[in-house]
Structures are given as structure tokens and as C-alpha cells.
Amino acid sequence: MSMGKPMANYAAAKRVGDFVFMSGVVALDPATRRAVAGYDDIPDIARTAIQGLGYATGQLSVDVFEAPIVAQSWFVLERIRTLAVEYGGTMENVVKLVQYFRHLHHYAPYNRVRGLFYPGEPPVSTVVEVSRFLPGDEVLVEVEATMYLPQG
Amino acid sequence: MSMGKPMANYAAAKRVGDFVFMSGVVALDPATRRAVAGYDDIPDIARTAIQGLGYATGQLSVDVFEAPIVAQSWFVLERIRTLAVEYGGTMENVVKLVQYFRHLHHYAPYNRVRGLFYPGEPPVSTVVEVSRFLPGDEVLVEVEATMYLPQG
Amino acid sequence: MSMGKPMANYAAAKRVGDFVFMSGVVALDPATRRAVAGYDDIPDIARTAIQGLGYATGQLSVDVFEAPIVAQSWFVLERIRTLAVEYGGTMENVVKLVQYFRHLHHYAPYNRVRGLFYPGEPPVSTVVEVSRFLPGDEVLVEVEATMYLPQG
Amino acid sequence: MSMGKPMANYAAAKRVGDFVFMSGVVALDPATRRAVAGYDDIPDIARTAIQGLGYATGQLSVDVFEAPIVAQSWFVLERIRTLAVEYGGTMENVVKLVQYFRHLHHYAPYNRVRGLFYPGEPPVSTVVEVSRFLPGDEVLVEVEATMYLPQG
Amino acid sequence: MSMGKPMANYAAAKRVGDFVFMSGVVALDPATRRAVAGYDDIPDIARTAIQGLGYATGQLSVDVFEAPIVAQSWFVLERIRTLAVEYGGTMENVVKLVQYFRHLHHYAPYNRVRGLFYPGEPPVSTVVEVSRFLPGDEVLVEVEATMYLPQG
Amino acid sequence: MSMGKPMANYAAAKRVGDFVFMSGVVALDPATRRAVAGYDDIPDIARTAIQGLGYATGQLSVDVFEAPIVAQSWFVLERIRTLAVEYGGTMENVVKLVQYFRHLHHYAPYNRVRGLFYPGEPPVSTVVEVSRFLPGDEVLVEVEATMYLPQG
Amino acid sequence: MSMGKPMANYAAAKRVGDFVFMSGVVALDPATRRAVAGYDDIPDIARTAIQGLGYATGQLSVDVFEAPIVAQSWFVLERIRTLAVEYGGTMENVVKLVQYFRHLHHYAPYNRVRGLFYPGEPPVSTVVEVSRFLPGDEVLVEVEATMYLPQG
Amino acid sequence: MSMGKPMANYAAAKRVGDFVFMSGVVALDPATRRAVAGYDDIPDIARTAIQGLGYATGQLSVDVFEAPIVAQSWFVLERIRTLAVEYGGTMENVVKLVQYFRHLHHYAPYNRVRGLFYPGEPPVSTVVEVSRFLPGDEVLVEVEATMYLPQG
Amino acid sequence: MSMGKPMANYAAAKRVGDFVFMSGVVALDPATRRAVAGYDDIPDIARTAIQGLGYATGQLSVDVFEAPIVAQSWFVLERIRTLAVEYGGTMENVVKLVQYFRHLHHYAPYNRVRGLFYPGEPPVSTVVEVSRFLPGDEVLVEVEATMYLPQG
Amino acid sequence: MSMGKPMANYAAAKRVGDFVFMSGVVALDPATRRAVAGYDDIPDIARTAIQGLGYATGQLSVDVFEAPIVAQSWFVLERIRTLAVEYGGTMENVVKLVQYFRHLHHYAPYNRVRGLFYPGEPPVSTVVEVSRFLPGDEVLVEVEATMYLPQG
Amino acid sequence: MSMGKPMANYAAAKRVGDFVFMSGVVALDPATRRAVAGYDDIPDIARTAIQGLGYATGQLSVDVFEAPIVAQSWFVLERIRTLAVEYGGTMENVVKLVQYFRHLHHYAPYNRVRGLFYPGEPPVSTVVEVSRFLPGDEVLVEVEATMYLPQG
Amino acid sequence: MSMGKPMANYAAAKRVGDFVFMSGVVALDPATRRAVAGYDDIPDIARTAIQGLGYATGQLSVDVFEAPIVAQSWFVLERIRTLAVEYGGTMENVVKLVQYFRHLHHYAPYNRVRGLFYPGEPPVSTVVEVSRFLPGDEVLVEVEATMYLPQG
């Protein structure tokens, strides 16, 4: 996991040779130190993009089940994109994703959100359902990214 | 996961530098779009090799519990072997395997089948039991392979 | 998993290019072929270091719940350190850890023990809770390490 | 429940005064006598409409979790629409729906599909999660409709 | 629910316009204030009719599993028939039934018993499995009936 | 379900002929979009009436288990009363209630609260325990009301 | 536990110095040797007092969930009062109660009943939810009382 | 249970002869009427003392599992200490503790915190794991204390 | 809990005024630091006494279910008797027992063993079934004793 | 188990002295190697006989719960009858049946079907509910028969 | 199962050659058609014999857990003895017992009771724990006996 | 069950006429009185035979799941063979086996081991999965054998 304000005492990412390894990322809001819970926890521009996918309908009974995973998916991938930029790359340089879910049916909305970050083909990808993530049950997805960025 | 006909919209494998990363592979039959269920779903030559290990006995009451994991193990490793060949390598170049199981006692038959692909020492290996895989409960094993193939 | 006397028939570690990949490590005592169960299964010097963290109190009712994860954490990280040394490196060269737990609340004691091996910032880190490990339920943590050690 | 070929021996609908009461409808394919399982069990025109909602993506890993409820939702509402027509009305005359689900998070996709049948405001609506439906576990939604059609 | 001696403080039925709405009925014996448990709790004439369906065999090991639902089904429908008569109608005027079960496999015997009350086609019908009924776990079925009886 | 600010996109109620059908009502606070949780979420006048029943004692250990169902019961019935008034009627015109609970022992406090709305005999009534309601687990009761209000 | 006719072979109470210790009391009817089940198992005067609290309504659907704990609460506290009197004291001398429940939400009705025995402030009090009591599952509460009665 | 603002209507403590009996204490914050959840709910001086034990690390992933029991342990024992002082004694006069936990592995951190209150030998002690406490699941420990304070 | 070699850092017993309070006792063998498991863990003389009750039959299939609770019961009560003697009393001075079990059907054999220590009437007694004891699941019974021993 | 095409490698039956012992029989269709699932898996003549018992109604909602056990019961007993004939006997020579069920309420329909094979008194009979049968969960009943057929 | 008044329509026992096969016997009281529940359901002489084993103590808290299995064991074995006598033999001729239990720890008391019927060595014996017996959950043991009684 | 040193007080086997009935056999090591746990608990010659089946690989991660059932299968069948020899027969005279398993997937390895004892066709065979065996959970299989050995 890695956040703006680190959730733990390890590195968010590290360059070794031509690679940048990233720690597993979860959607923890640095301000509240709580997991992202819904559309209010992401910026307007993200919400607009997500509405283009048919989510964030404004109807409580529809959003209540979809908002947590949709918003967390956006948050996690945006965090990876930010880290990629910090190290001088883009999402195209992120060549491998290991994606852990608490509930595998969350893959469908996650996959739509990932399409916003990878308009073309997504990178090499592994998907497994596991039991839980730090810091607790409300975290629904964790993504570990590997970036390839040959040294100039 | 990666299949002949892709199960999802991401890359089955990708070369970066001296490495080829592969997506996690599960035993999904591209023709039926269903998980490999038994010995009828693998070629004759595979079945013969597997019989050499003592499996595929022809007795329903014995095969019923062993066939799914044995056939999936062969299918997954054969898929990795095929990918390795497509990228110009062999199983010897596949230097690391992360192996996820739904039931850890499946490691025993998997391990025997892997011996068919690695007559010598198998590569670096991680084994964990997780909850589930895409696309559903009948998938018993997922393997994520890393190939090392220095550019000539 | 990798032990002094191998628990299974695969490689404990392998150098490929500038990297050394290690198999997932669990705390299996090579002498007894059983999982490390407590403070009696680790050397005196380890126990002393652990007491510096407030563990290994000598009170049965306190140690009974803490000893298994604390002792396994030490055992696993020490095994990784030994492998790193065998390949010519140190813990500083171990740049990435994937850490699987059976019970996520074990992260707290594990994290304190890891501080003994990384007095500075720990490496890139992924943490997930999964179902089980080889060879059985008494194994509480598995760590997969990646070492970066450029060839001279 | 009511099907083309009745699943049971009771009336699919009955006019009494200005009302037409309908039996609870489930998505049972009259040809196979099995529950509707996915997009192959509904007509092309329905699939096209559903794709307009972002479903029926053609990616197995996405569709596998969404197809059963999406296709059943369409099937059930289409059956109600057909019954309404048989009695001389339209969906606008169907003024009340009691909607039972096995899993409440299915309300979100159901609600999108219902929008295809009610481009304007849907009728009076009750939603509850219950345990099971006839004829078995694969049935995910049952809808009981009431039509108001004053006698000329 | 409605009984001879009311189980609760609400109306057993009420005429509004051309309709008579009935409260949900469960098989509560007014004498004992306990749920109907078997063939001893229904009149001889009912038992004879039920034997014509193959039930009430007199063999304990057969009756033990069938008696509660068969006897409750009869009791509930007879209560509805009595209410219909009190309001000047017959079972033919009861045009809609919502039938709740604790165990859906009870629909089969219930359906046979209902045939005694509706020799022709039964009315519009909804069937769902729910969790429990008042006053407790031994109640297996609840039926809510709607009668149509145009005012002369 | 129906709220001041609609929770979903369907009608709260609809007149057809001499009847007004209402959507199932749950206790969702329109301001917070959360389920009513206790006595702070209902007006003073309601709390006073409820104290007359022996609830809202001010002792945390007593109120903690009773407040959610008592407050939701009041909220739901008040909402039905308001809708009845909007359509020109009173609680006496609400002639039928279908009452769904998550826990059947909540019927006892609900019944006491209903007595505040129906000082005389309550209307025709059906009670079942089901699994869950929209929008989530904290909703304990849903009531679907039917009003009879002959057109002048 | 202690009853008129002892349920077991130990003392119901014992004076030591200024204290009278009492064995844990459960509501076991000495006549039937069964747990108190409802309002029929307590005297008329108790039932009248309990009705003053709003319980014992006479409606089966209300009483069915409340009667066991309300009646047992009265029975247990009355037994303690009787023992206090036998030793020459009153409820005011019973200065400490340890109260075990099988279901913690029973504290609310228990607390109201206790108010009948302690019109002023109740004594020092401990409340915990445990698993079960002798002689079986139908026992819902056990109270262990300590009396202080200085020797003259 | 006993709080500054009483959670219930019974006495927090009572002197009888040379003893002061205390009601079972849980960590309920009198301001919020909620259970103590973490280090923010206890005073700075307590947090500092707790950091001396190695807790309150400031790392979210470590604190998230330890904070509730550590903070509640401090809160409960501090409340007992305050009561002891109110009655003219100190922790040395508190000669017996009955300690109930929801999860027995919480004994280890509780024991460390208790050491802050009893630098010497703790008093006579009973420890059991039970099911739950008032007012709900978030309460992890309850302690019932007995003080011996001979009257001058 | 209290053992020859203390399991924890608190007092096994303490005299205050005319009372000796004892910590809760469990059957932990001081030599092995494990729970007493069977008849081999108690002295010959105890085994002989127990055989007089019909236990310790020497048949594995009989003893396997009875030995743990029978042997632990003896061990715990003997430990209490020893403590009583250390403080100058006998079992007759132990006037109150709070007895916690993990499985309530263990009360029957426990009660027979207690008869060996109390040939006459046992003391005041409370019995509850709780979840677990320190140091773990194999501990089946814990007894907290209070001794009254007036100072000469 | 024994089938036309043996499911396993052991004898279907064996004569020893005056007895013929039969292996436990389950309803496995030799053609499909799957468990008998319903009325389509048994011959017309069997279906007709079963309809005489009131089963095989043609209504899906009735048959869906009854067909598997009714058809398997017929299949298993017919297989035993065939074996009896092969060895020169009839059902009258089958003097003892041990009948294992997965769900004991299946005894009722099984018993009716058995009446078709034993118009008079059935043989000596043992009935137990066990966990599972080979080859899997869909097998609902297994019968082990003993035939007595004195050698001429 | 076999009773004085047969519980089902099959033979209680049957002689074939030198053997008498008996149906599985359960403890069903022919008078009440209910399972034997305790010491009141067996004759005085049986109770006296059982008291010689240390059971039937008269203490409710002891007997409550032991009475059902002890009384059923006696009832079942007495029924077998009676059948043996009816066929001209004694318990010595009953040479084989298959004993099914719902809870394996019931073997200990069963074994003591069996000693009353077999003062010498019991016959050949099989013991397994299964799920349930006819006619329901309160039946704890079923015994199937085989008698060898050579024809004169 | 029957062992060298009897586990219980009944006969291991008994000849009656031309038959030898054997008690159900489980794999209990007479020396340790514990269930056979692995390959160390069986003789070298057995281990060698088992290695010929592909088991006893020496790899801990493979053997850990297979060893208990493989070794118990050998032990149980060898015990039956020994008993057969004691009574003057061979495995060919053992004509019927009832085989109970705790986990039905253990049938596959059991079946291979049985092939060592029956190189030709195995005898008449019944297989069921039950709940447990004496003396406890670690016993995985129980076999009841019948031998036919005509008297000369």
C-alpha cells in the first residue's frame, strides 16, 4: 500500500535498473485515513469520467452497491499513474498489474474504470480473489504495478 | 488469465528488456469458454503422459476427484510453454512461477504434472491458497510466469 | 517456500541478469519439518532482539498468542537475509517483498520484526491476507523477495 | 411464475374489474425449462439494447458476473410487457411492481434494464431481498406486476 | 396472519369496493395457540381428503417429514375459504394468492393440497421463499389472498 | 421505497381508480441519505409519543437495542401517513399493509408504534421476515401500503 | 443455580461474616423442572406488575418474543428476593449483581423488570453475554447476587 | 459498566463494610456515548505511556489492529483507578479483577497496559473469553474490580 | 489462572480481612506448560479415586472423550485445595465457586469429581458456559474460588 | 456402487454359500456416467408406475424437487432387482437392505417407490443419513442389499 | 428401525438359514411415538441397573445431558434382546453390532450400558458417527444387530 | 475398531458358521495409541510398495496431504489381512468390505492401496462418507470386512 501520507513505513516505489517496482496500492484517503467509500471521495473530473461509463447515477439504490468499488478502482489506478509520472513515465510504461480483489464480481466495474487509464490494450494482468487487505474490510481492491522505464 | 481467444482484453504476455512477463494463466477452454473439467478436455498425448503418473485411471470413482486439478495443471503449464515458445524460449527460460490454488491439497497432483514440464529442477516458486479465480469457482489453479530471455 | 533442507523440489533462488528471484519463504524448521511454533525454535540471539521489541515476555498467557507469528516473522526474514548473502548481497539489495498473511492483524508484530532487518526504510512492499500456505494451517506468513544485485 | 409453456398449473394473469393481476414472473426459458443464464438466451434485439447500457461486453471475465441478472431482468420485464399487450394494455398500464431479488446488489443492473421498458418514470415499486424462487437457485429475480386498465 | 381467535390485533379481512383484502394467513391452532404440527391437528374429513393424495400414510417415518407442511397447507387454505364464505364468496372469488414458504421444496405438497380447493385452474399466484413467519420457526407457509366480489 | 428526496427513480405513490398504491417505504433520512438510526433522527413530538410506550428511556444500554427499530417504525408509518394526506386521505383509508422485517422479533416494538397511528383496529396486515432491504443492512423494516379512497 | 427443589447438590446461599453469598440463579420451575417459558409460569400478581411495564399484552405475536425473557427476569429476581428474606434482609441488602445473558438485547426488558424490585437505584452491576446456562438452551439469564447484612 | 455520565441506571460502586464493590467497567466515552476506538480517544499522557510499551506507532497499518484494545484497556483501568481514588484508595487497594474479553489474544496488550497501573504484582485475577458486552460489539473488554479498604 | 510456576504475573491468592480471594484456576501442567490432557497427567492416587467414579476405564474409546475434563476437574480442584491449605484452611473454608465451562455437558463429570473434594454439600456455586480460557482451546474449565477464614 | 458399466473396479455382487452379497448401489447412468437427475433418465414404464404414486406430475415447479430422489430410488432398486435375477433370484430373496440417504426427508418418496418392488412387506431394513456418496453430491441414496438364495 | 408397534412398514427381523438379521433399531417409544428422552421412559428395573453405573443421579444438571443417550442405549439394546428371545436366542447369539451415533462422545455411556447386556466380551462391533436417524434429530443412536442361531 | 492391543473391549473378529465377521478397523497405532499419521508409522516394506504407486515422495509439500490417508489405508487393510490369516484365510476369503470415509476424495488413494492387497478384482464393496470415527478426528477411514471361509 502507498498513499500521499504513507500508511506504513515502507517505500511507495523504487527504481532498480530499468524497472520501477511499486508497493501494492489501496484506496486510502490520505486526509481521513479511511478507505475511499464513494463518489464524494474522488474529484469532480473523475466522477464525470465515471458517469460516462454509466456509473455515479445519483440514484442511491443504484450507487450504494457500485460506488465503493468504482471509486476505489479509480483512486488506485490514479495513484499508480501519479507514481509513474513521478518517476518520469506514463501508464504505458506500467507493463504489469497484479490485481487482488475481495469479491471477484468487482472485476467487471474495475475493468471498465481501467479502460479510462488504458484506452488501448491494458498491460499484462493477473487477477485473484483473496481474503482481506490492510487496513481493513472496507478495502476492496489492491493493485501492484511494475513499470519498465529504460534508463536513458 | 490468457487463452487462445482472450478471456479478457489484456495482453497474454509482454517483453520488456530481457524479461517476458506473462499474465496469470487459468485453464479456460477457448472453444467452450468453460473451465477445463477433466481428461476429455486435454489432448490424447497429454492424457498418456498423465497416465504415466498414475492418474486418468478410467475408474470414475477415482478420476472424479482428481481429473479437474490434474487436467487444469497440464492445461495451464502447456499454455505457458506455448507462450514461451511464441517469444522464442523454452520452459527453461521460465524462471519463476507464482502458483495460486483454491485448495492447497491440489499442490500434490499439480507438482507431479509440473514434473512433466520440468524434468530437472523447477524454477523459483511461490505457492499460496487464495479464495477464487476468474471466471468462477470451477477454476482451481492460476499460474503467473516470468520468463528471462536475454536479447541476443 | 525454501528451507535449508528443501521442503519441495524447486529452487530456493535464482539469478537472472541483475536480479535474484527467491521462492516464497515460510518458517519451516528443517530439523523437525514442522512450522516454527515459538521462541524455542529460534536462536538465543534472535530471542534477545525480539525481547527488545517487547515480545518473548516469558509469561505464558502473553506469549501464547504472540510467539508463533513473531518467531515465524524472524525466521522467514532471516532465511531471506541468508539467501541474499549466499548470492553476494545484503538486505539492502532485497528491494521488493510480497507478504502474505493468514490473519492480517499479524502485520503489526511482523512489521516490528522487519524493523530489525531494515533499520532504515523497508523495501517496496505488498501485503495481502490469503487462505493458507504449504505445508499447513500452522504457517502464518509467507514472504516472496526480489533482490537487485547488478552484475559487477 | 408464468411462462409461455406454463411452469405450473396456475393462471399467468387474470382480469378482475379494472385490474389485471399477474402471477409472479421468473426468467424460465420455455424451450429448455431452465432459468435464463446469459445473453445467448435472449434475442439479438434485446442484446443490442443491453449493450447500449454498457453490458454484454463480449469479455468473458466481465460478462460472467453480470449476464445472468441482466438477461433475466430483460426476460422478466419483456414477459410482463407481452402479458400487458395480450390483455390490451402497455407497460404504462402496469402501475405497480413488487420486485424480489436473491442478491440486493442486483438491483443496480435490473434498474438499468427496467429503464428500457419505462423510458419515463417507472411505476410504484417495492424491492425486497428474499431467499429463493421456484424452480431453483439459479433464478435471481421475480417480479409481480399489477395492471390497471379500465374497462371501456 | 388471522385466526378464529385473533393472533394479533389487526383485521382478518376487509372489503373495499369490489375487493376483499385478507391478512396473511398462517396455520395457528386457535385452541392451543401453537402452529399446526400434523394430521392430528386437522379434522377427519381433511385427513381423508389428504390421504387421497397419498399423504397421511400412518407410517411414522414417512409422515414425520410430510405432515407439518401438508396439514398447514390444508389449514391455511381452509381458513381462506372460510373467510371467503363469511364475505359472501367462494374460492373461485379468491383471484390472487401470494404464497410465502420457509423451504421451497414444500411447494410440491402444498400444490397438491391446493388442488383440493381449486379443482380447476388455481388463481394468479406468486411464490417466494422467505426467512420466517410469526409467531415462530414451526410455521412453514403463509398465504395472502385477494378476493374479487363485485358489489351486487 | 419512497422518500422526500426520492431514493430511486420511481413513483412514491399512484392513484388508479379508487385506489392509491404506494411504493414500499423504508426509513431513509432524506437529509443524510442514511437509514434512521435512533431517536435523534425523529422529531421531538415523535419521541414524546414513543416515550409514552416505554421506549426512549435515555439509558444507553436499554435504548441501544430498541432505538433503531422503534425510530424506523415511526418514520415509515409517518411517511405513509403523509402520503395518504397528500392524496386526500387519512390513515383510516390505508386499508392494507404488507410488512417486511429483517428480524421478526422487531414485530413487537413495531406493533406498539403502529398503535399510535391506528388507535382503533389496524388494517389488513401481512408480516414476513425477509433477508434485506435497499439500500443496506441497517434498514430493518419495509412497509407497502394500499389506500382505498373512492373518487367523489 | 438454586431452586425451591434444588436443581443440583449445592447450597442456594451461605452466610459468611457480614455477607450472604448466593449461587447463580436461573428461572427453573421447581414443579416441572423446566425453564420458565412465559407469562403462564409466573403468578397473577407478577403478570399484573409486568403489564404495567407494557408487556404481557395478550397478543400472541407480540408476546411470543418477549415473554420468555420477561418472565424469567421476574422469576430470577423474585427468587433472589425470597432468599434475601430467608436470611433476614431485603432487596436493599443485595448490593451486587452479576448478570449473564445469552442474548444481550434481553438487557432492555430485564432492566425494566429489575426496576420493579429496585424502585430506587439498583445495586452494583456487571453484565456480560455468555454462551449457555444449565440446564439448557431455553435458559436466557442467570444472576449471581451478593448480600451485605451486618451481623447485629 | 460505569461511566462519568452513567450508561445505565445502576451504581458505579458501593462501599459495604471494608469492601468497595465496583460495577463492571467498559470503555465508553461519556462525551460521544460510543466505545473508545483508538488513541485519539485517550489523553496525551496516556498515549505517551502507551508508546513506551511500543504501541501507538503512528503507522496506520500497525495501529489499526492494536489501537482499540490498547486504548480500551487504558480507559477501563483508569476509570477503576479514578473510582478507587473517589472512595479514598489507590490501585493497591483494588485486590481482585475479573477480566472478560471478546477475543482472548487481547490479553497480551491488555496485560502490558495493566503493568502501567500495577508496577508491582497485579492483584488476584480471573480471565475468561465471553461473547459480547453492553452496549455492543465494539466493546472488547470489561473489568469488574473489588477494592479492600478497611474502615479506619 | 494460577499454577505452581505462575502462568502469568499476577497473584494466585490474596488474603483481605477474613477472606482469601483466589485467581481463576485452570489445569495447566507446570512442568510442560500445557493443559492437562488426560489421566497420565494426574497422580496415581487421583486416578484411583476417579476410577471409583467409573472413569479412567483403560478403554481408549471410552476414555478419549472423558479424560480431558475429568482430569482437569481434579487438577483444578486439587490446586484450590492446596491454596486453601497454604492459607491455613480446608475445602470447607472455600465457600463459593464460580465455575466456567467451554461445554456445559462437562458439568456432569465435573460434578462427580467435585464430590471427591466435598463429601458433604458443596459451596455456593455459579455455572456458566463461556467461549474460551487462557492459554488456549484445550482448557475446558476454569474455577474461581473464594475462601472465608476469619482471622483468629 | 455397481453399474452396467462398472463405475469402479470391484465386483457388483458375489455368491458365498447361500448368500449373494451386493455392493452398495447408486443411481449412476452408465451411458452418461452422471447421476440420474430426473424422470427423463428412467424408462417410460418406470415413469408410468411412478405417476401412479402421484409423482412425475409434469409441472416443473412440483417435479423439480421430487424428481431426483424419486428417479434415483427407482433406478437403484431396479438395479438390485436385475442383479437378483442375474443370480437366479427375485426381490423376495433380497432379505436385507441398508439404505443411506443424504437427506432423511427423502425416505418418504423412497419408501413409496420401494412399495413398487415389494408389494408385500419389505425386507429387514436399516436407514441412516450420511454425508455423501461416490461419485459426488448429486447422488442422494445408496442401497446395500443382501440376498439369501439357498443352493439347490 | 423396529418398535413394538412398527414405526415403518418393514420387518423387524428375519431368519435366513442360520442367521437372524435385524432391522436397525432406534429408541422410539411405541406409546408416544416419540424418541426416548430420559429415565422416565424406561422401566424401574432399568433405572436401577443404570444407577449402578453412576447415572440417573436425580440431579437435574447432571442428568440433563446424560439421560437421553443412556436411556436410549438401554432401550435399543433391550429391544434387540427381546427380538433375540423371540427368535429363540439370547444376547450371546447376537454376534455382530453396527452402531451408529450422532455424537461420538456418546460411545462412552453407551459402552457402559452395553456392559449390562454383555457381562462378558461384547460381540464384533463397528462404530461410526453419522448425520441423523429416522424419525428425527432427537434420536441419538441406531444399532443394527446380526444373530447367529444354527437351526437345530 | 480392532487393534493388536484392543482399543475397546469387544472382539476383533468372530467365526460363525462359514463366516468370520470382523469389527470395523481403524488405523490406530497400538504402541502410541494414536492414529497412524504418516509414512513413519508403517513398515519399510509398506513404504516401498506405496512408493511404487507414486506416493511417499519424500517432498514434504506433496506428502503432507497424502500421507495420512495413504498410510491409514495400508494399515487398515494389513490389519484385515492379518486377521484373515489368524482365522486361516487370505484376502481372497475377505469377500465384502464396507468402507467409511471422512472425506470422499480419499477414495482415490485408498483404492490404489487396496490394489496392493487385491491384485485381481476387489471384493463386494460399499463406500459412504460419514462424519467421524473413534477415537477422533484424525481417523480418516474405517473398514468393516466379512470373510467367507467354509469349515472343512
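We call the chains A, B, C, D, E, F, G, H, I, J, K and L, going by the order they appear; numbering starts again at 1 in every chain.
Heads up, the rule we're going with is that contacts are C-beta pairs under 8 Å (C-beta built on N, C-alpha and C of every residue); 3 or more make two chains touch, one makes a residue touch a chain.
Please read all numbers here as calculations on a predicted model, not as lab measurements.
Trainee: Determine the set of chains touching chain D that also touch chain J.
Mentor: Looking at chain J and chain D together, the chains touching each of them are B, E.
Trainee: Would you pick out the chains that touch chain G and also touch chain K?
Mentor: E, I
Trainee: If I superpose the C-alpha trace of chain G onto chain L, what rotation angle comes out, expressed in steps of 5 degrees from 0 to 180?
Mentor: So the copies are related by a turn of 180 degrees.
Trainee: Return the distance between the CA-based centres of chain C and chain L, expressed in whole Å.
Mentor: 40
Trainee: Measure off the straight-line distance from the CA centroid of chain D to the CA centroid of chain K, and report it in whole Å.
Mentor: 56
Trainee: So which bits of chain D are touching at least two other chains?
Mentor: Those would be 1, 8-9, 59, 61-62, 98, 104, 107, 111, 127, 130-131, 134.
Trainee: According to the definition of touch, which chains form touching pairs?
Mentor: Listed by label, chains in contact pair as A-B, A-C, A-D, A-F, A-H, B-C, B-D, B-J, B-L, C-H, C-I, C-L, D-E, D-F, D-J, E-F, E-G, E-J, E-K, F-G, F-H, G-H, G-I, G-K, H-I, I-K, I-L, J-K, J-L, K-L.
Trainee: Would you pull the chain G residues touching chain F in the complex into a rising list?
Mentor: Per the stated touch rule, the residues are 53-54, 59, 61-63, 65-66, 104-105, 107-108, 111-112, 127.
Trainee: Could you pull out which chain H residues touch chain F in their complex?
Mentor: Interface residues on the chain H side: 1, 7-9, 28, 33, 134-136.
Trainee: Which positions of chain C touch chain I when the two form their complex?
Mentor: 59-62, 64
Trainee: Could you pull out which chain J residues touch chain K in their complex?
Mentor: By the definition above, chain J touches chain K via 18, 95-96, 98, 104, 107, 111, 121-131, 146, 148, 150.
Trainee: Mind listing the chain K positions that touch chain J in their complex?
Mentor: 1, 8-14, 16-17, 21-24, 98, 100, 130-134, 142, 144
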